[in-house]
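Here the chain labels run A, B and C in written order, and each chain numbers its own residues starting at 1.
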Amino acid sequence: MIDLYNILRDNWLLLLVGQYPNGPMGGIVCTLVLSVLGIALAFPLSVLLALARLSPWRVLRWPTTGLIYVVRGVPLLMVILWVYFLVPLLIGRNVSGFTTMLCTLVLYEGAYLSEVVRAGIQALPRGQLEAARALGNSYLGAMWSVILPQALYNMLPSLLSQFVSAIKETTLGYVINVQELTFAANQINNQLLTKPFHVFFILAVTYYVVCYSLTQLAQWLERRVMRKRQGQLGTAPAPLPPVAAAAET
Amino acid sequence: MICFNEINKWYGSYHALIDINAEVKKGEVVVVCGPSGSGKSTLIRTVNRLEEIKSGQLLFDGSDIHAPMTSMALNRLRSRIGFVFQSFNLFPHLSVLENIMMSPMRVRGVNRSDAKAKAQQLLDRVGLSNKAGAYPAQLSGGQQQRVAIARALAMEPPAMLFDEPTSALDPEMVGEVLSVMRSLANDGMTMMCVTHEMNFAREVADQIWFMDAGRILETATPKEFFGNPQHPRAKRFLSDLRAH
Amino acid sequence: MKNFDLMAILLNAEFGAMLLKGVRMTLQIAAGSWLLAMTLALVLLIVRLMPSRIAERAVGAYVSYHRNVPTLVQLMLWYFGISSLLPDALQGWLSEHNGEALFAIVALGLCQAAYFSEDLRSGLRSIPDGQTEAARALGHSYLSAMRYVILPQAVRNAVPALVNHSVSLFKNSSLAMAIGVAELTHAVKEIESQSFRTFEAYLVATLVYLGFSLLIMSAGAWLSKRYSIAGAR
């Protein structure tokens, strides 16, 4: 136990912010920044993908469905390798590990989130879209002002649980030397060498605390959303994909 | 065959069964009726101990059902009491024939071919000979309930309990189930039925127990009950029934 | 992309062999951890059914840990952390006998067991109470009712979720690369560094992963159809 305390006391700054200011921002701050940016950017992409999948035009539906199936059928590590290889080619210069990881997260989470968005849209009663169209809105107009706002509110718990997944996915940045929390822990381990169990135990507990708290928040949110939906619909609403059914790494 | 002695049951502070004293004799058909919430289902479920009692003694064929006993002993007792549920509760992953065969095989140790033959026989008896290979989800409600009766009969129980067997059925299917029950009664089976089917009660029952608010208010033969009910609550119940 | 030449990889004896070895290792890890995960999930389910609050809490804690800690971190904790706690003789034996693969199987298996057990639990909870009542009314003991009535239905109900998590398990085998296991992703990186044919190497690995994912999902669909409760919703 003393060892755990000592390791924490000596290395907490490294775990928190990595080698900043003597290097890029790292540690848990990097993890969280990566996850927040990843989800924030993936979200609009996922809405577009979901709309494309639900659209009546085959030319949009098929490639989108194909893309989503490919991204979901391949390990995250492979997606990272692909992005690491293709992005420099596409934009003509080298990119940092952080940027690569961010792009990967946006793509990967975009694909998974689009399924969540799609389920959220489909869970709304059909009458909503019909009413909006009957009032004279175009398909896209109805989506924008009627369907999406409701679907997105209902999806908040699932969004939060995807955020938790993103946090877990950032750990793979370690493989391409992104200076996030897992990388920092490995640095500490390589310095200390004699206490690997303690170091990785601290790492595991840190992730556990962060992810568990966020998951509890997501479940609380889900209860609130369910209550509001029950009020909206007046009857038992269609079940959303369960909060924990996100991509896991 | 089934003796209720001073049976009392509480759900928390709610007194669900109050001082029940009654007897179903061997070969008798007893119909329990009354308004909803009167405790009829609770009463019948105490017979095979799907519900516990707080005080009193319940004897089935001489054995005290609610005495402390090993679960093996309780299982053995239960296997001698046939029970038909309002919602049939057939096993959806087994075919009709397997539903009927499974318990004699697994609980009684009957061998497969004997169990199968008996099951087919029972299917013939309830009028579903050609449905042996079908699955419950492919049958209508009335057919499912008949299979449920066959499944209960497969254990060769000396008595059968029916908990509102036709209440979950569409009206046109009620008749097929009642006719199976009628033929069982004619063959001398001891039966206790909770039901709203008053015509069935009139034709088949030997005794009618009228329950309300946890008590048996009146026991009478069908002739007495329908012709000249004694208890004012029973009178009101019957007139409500006749009103529609 | 100049000189796209898939055959340069596939036909080259050395690279072909590396790929095959990688695929074989991936399959071994996936199969090993799947068996471990399934077995443990059934044990966890049985433990959960015991009428003990400690059992319920223990399984809950197990599931919570494995779902909230990233899989890569779990892998590292096992391979770097727990291995250092083992007696030296055992550590020596492990490093000679492909210890990395073993740790990968253990870590991945234990992790997926948590997900599988939750799937089985959901399958169990979706069974109406009337089923247990009917089985008990016929005279079945608790175990007999479980074995012949409840569990067959629970497993059937759980199949879609189990298949999804099996695909995840298969994909997670790639994480073993981080502790030095020579599975497919590792092999592909090796080929890339030796031949610079990045695109072709990655393409092969992607197709293999996609292929197996599709295979698992089709197997699941077939299983689902074959054992589905006929006519059920």
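What we mean here is this: contacts are C-beta pairs under 8 Å (C-beta built on N, C-alpha and C of every residue); 3 or more make two chains touch, one makes a residue touch a chain.
Only a predicted model underlies this, so the values are computations on that prediction, with no experimental measurement involved.
Farthest chain from subunit B, judged by C-alpha centroids: A.
The busiest chain interface, judged by C-beta pairs in contact, is A-C.
With centres taken as mean C-alpha coordinates, the chain found closest to the middle of all protein C-alpha atoms is C. With centres defined as mean CA coordinates, subunit C is found 48 Å away from subunit B. Rounded to whole angstrom units, the spacing between the C-alpha centres of subunit A and subunit C is 22. Distance between chain centres (mean CA atoms), subunit A to subunit B: 55 Å. Within subunit B, no positions touching two or more other chains are listed. The residues of subunit C never reach two or more other chains; the list is empty.
Every residue of subunit C that touches subunit A in the complex is listed here, in rising order: 64-65, 67-74, 76-77, 80-82, 84-85, 115, 118, 167-168, 171-175, 177-178, 185, 188-189, 198-199, 202, 205-206, 209-210, 213-214.
Every residue of subunit B that touches subunit C in the complex is listed here, in rising order: 48, 50, 71-72, 75-76, 78-81, 83, 85, 87, 89-93, 102-103, 106-108, 135-138, 151-152, 155.
Taken in their complex, subunit C has these residues touching subunit B: 128, 130-131, 133-142, 144, 148-149, 152-153, 156, 229-232.
Interface residues of subunit A facing subunit C in the complex, by the touch rule stated above, are 70, 73-78, 81-82, 85, 164, 167-169, 171-172, 174-175, 182, 185-186, 189, 196-201, 203-204, 207-208, 211-212, 215, 244, 247-249.
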